[in-house]
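Can you read through this structure? Questions will come right after.
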């Protein structure tokens, strides 16, 4: 079995196992929604080497678009979600096109500034977005014979989409396109010198990432029945990025881990202590200092330690990890 | 024979996974001008970087004036009197010529800013100019001058005449002779054999990160086989 | 007339933005380190001044002391934590400083509560002056004069002193600075503390104008980034010009289109990047 | 041969970095199916010339034509499909990818837009993979095909560096000091490889080793201080009084025998 199908099976296990362990369908749904957003962020960070602080833009827009479509038009849910995906991709193309004009830190700051721009856009045009209150009373209509009113039914709907998206992103990551992204991440100058129009590839990666993030945002708005202003703010971008880095950037399943960890731990801690963000802050420092490969890297190390035999096997194949 | 000032003993150095220095051993004695020759990529620059602390040796030892300095920070090594003028010259373009000198100047240096202006009169003319506005030759002069006011006991120069026009090369060689006459030892990386001939007492040749030849200037000058073998200077 | 009033107002705001951003810019120039905790230093400066004055300390003493404490804390953070991660990719710089910012924000809430508070300007400056038909608080005038004097002092520090020359040199090549026997680690600490202290000062100066609340740090970080991006990274003059520009635009927009004032700033930033990728005065 | 139109021509090419004129007034014509070398001391502008010809840096003035087509303002990635590829003096590989993947990418670079399809997998028998395998066997590095490039020995990395240019199947191949950092034994093999490449490519290369230059070049261009000093056959260059003076005077890595 190759690594990519193993990771898909792991993702499927997560999707099936969440309902068994969690009391709330809403929380379980959030895990999968953020898992999609984090995987999309990982496509930029882990595969292309682009640290985007603007993922909240696409997430928030996804929320608003699905909400506005369902509130103001008679269009079906599927079409509303499709609009979120398209808008996510289009705006990401624009943001990417402008941001990649600069490199490194400048790029990060640009994406951050765009995230602020879209936040204030949503904040300023209260008539459309509901401003501080958010866009309220978003319905969750049925999709044909599928009745999505119960939270577990909606979870099942999300789980199917999640697995589809996960498989799609895996396909993207292992395609010639994804492998070119890895090359760009590794040595951008050489990638250009051997003929790749690097900017086009980066913008395409942005578009795909934006599409998936927009979808996640749409599913989130449908989940809670609101498109809140917080879905497009600085903290949304920050959270998505944190989930991605905590999970690890080596493969897409790491992002699922990161999102699950972040959502579940913050839910647990916030019920115990309202100032749990203090602990999260500390955790981020610890991850940067001692766990640079993220949770996935930690998991690999644990498995290596538990299976001494596999250490020699891994040693024969340099650069290969045990999973 | 004069006392040994710098001793490099079996130094190994890496860039990431690349084993770039594979056991370099060399020495510089008081008052000597020694050159480090070798093809591009042989490890010459890495050798002086490992001496000055920019590339910490993985194993092996570097001793300077009786003190073991392997593993020291670059600024500590510089404070001991080991001055490196790097290949890119390292001129601060945002600082004026004078500021470039002032941040390096130390009271205990035998050369004051005024002294170096006598050696390099062009610099005095351009003291108010930004370092970025200098020509290549002037930048090189400034880089050497800056090393001098930094109170060096040993000067390491990485290809000081690279890319310069012949007249400027002659000017710099004359200036280096002036500096040599003060008795300060120099470790010189140089591709230009004519420059080596004018200045050096002894030569080392590096290949694949190791010293493969060591000889006095006269021995080397007569040794066509060595020159051809390691430097590829002749056509057959 | 209202525009003159808003212009003066904008200059005051802009000078505060300059103080806030110039540290971020210099730290970036020297260390190539994105400091997402910069807003937290501003927050801390504001709250420390608020706390000291609440406890009955003289206003002026608070104004001096609060930024100094911030600078000392920043120096400590740099020595204990940050210098260990400079060699890592930017991802980890961001992770650590975002973590620090979260911790500071939560600590502020734990220590001072989530609501925030107000700081009164000192007796001597609690009056108003008339700008034509408009009433203008004396304290705001003081802020303008004080920050301008400070800006001059800072300019002298960077352009006229050896430390300033070393900082400028370090922004080009830290390796070369080390090769001249200068302990760059100490310079890094000093610059980091200076930048954080200036952000702290901006916070304590702003406290009597806008009050204090725990989320003012995030807002300040956004503004600081905008100013640095518009002005050009690592540029003192850039931070000054962009700070004033942003302050004035925001102030004047408040009259024309209050809801859109912040939006315009970010829009303006987008335009600058499109037309001048290095910012107004940035290099390379 | 002299009547043939040049495959690549530079006309009064200049490159300026800030106030520094790295290249000035360089006029050059590379004849098809020849091996053409560029020599000169470090800092003479040889690598800058390559950067300008391949589009890594934009010419400040002058004109570059490839097969008669003006490519002066094309970016580097757009020149590759027109049949020009290069290697670098300082090894520049995809350090974390395998040797085969490095070469597959280099072969793919000729038709980069095909790689833009996010749904298209990498076929094991796809054209780029086949080319990668061919190049590996031509270079004698098939044994390390699945090793990560960063873990190769210096000599192997240098060979892969050249292979990256070969995999693009260019008509004109530019090699920037292919023997840089190599030991004596590897140098002979590289010489044989360049000679071999000359059979089915036009080769332009920078080199310090006079043995290689004088032995296998059809034409030699001597550069000094950003300008072309002399150009001609190895015999002509060897006997040129100007070059001799330059070499013996103070400009070269020694003398020319």
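Letters A, B, C and D mark the chains as written, and numbering starts fresh at 1 in each.
The definition used in the following text is that a residue touches a chain if its C-beta (ideal position, glycine included) is under 8 Å from a C-beta of that chain, and two chains touch if they have at least 3 such contacts.
The shown structure was predicted, so the numbers you read here are calculated from the model rather than taken from an experiment.
Note on connectivity: the fewest chain-to-chain touch steps from chain A to chain D number 1. Chain centres were defined as the mean of their Cα atoms; on that basis the chain farthest from chain A turns out to be B. Taking A-C and B-C together, the pair of chains sharing more C-beta contacts is A-C. Centre-to-centre separation of chain B and chain D, using mean CA positions: 30 Å. Distance between chain A and chain B, defined via averaged C-alpha coordinates, is recorded as 52 Å.
Separating the centre of chain B from that of chain C, both taken as means of CA atoms, is a distance of 43 Å.
Residue positions of chain B with contacts to 2 or more other chains are absent.
Multi-chain contact residues of chain D (touching two or more other chains): 95, 151.
If you draw each protein chain as a dot and join the dots that touch, you get one closed loop, with every dot joined to exactly two others.
All chain pairs that count as touching, in label order, are A-C, A-D, B-C, B-D. Put simply, chain B touches chain D in their complex at residues 16-18, 39-43, 132-133, 135-136, 159, 162-166, 169-170, 173, 191-195, 207-208, 227-236. On the chain D side of its complex with chain B, the touching residues are 18-20, 41-45, 89, 95, 150-151, 154, 177, 179-184, 187, 208-215, 225-226, 234, 238, 248-257. Contact residues of chain A toward chain C in the complex are 45, 51, 53, 98, 101-102, 104-106, 108-110, 112-114, 116-117, 120-121, 123-124, 126, 234, 238, 241-242, 245, 249, 275, 277-278, 280-285, 287-289, 292.
By the touch criterion stated above, chain A contacts chain D in their complex at residues 171-172, 174-180, 182-183, 186-187, 189-198, 200-201, 204, 208, 318-319.
Within the complex, the chain C residues that touch chain A are 28, 32, 34, 81, 84-85, 88, 90-92, 94-96, 98-103, 105-107, 109-110, 218, 222, 225-226, 228-229, 233, 259-260, 262-263, 266-267, 269-270, 273-274, 277.
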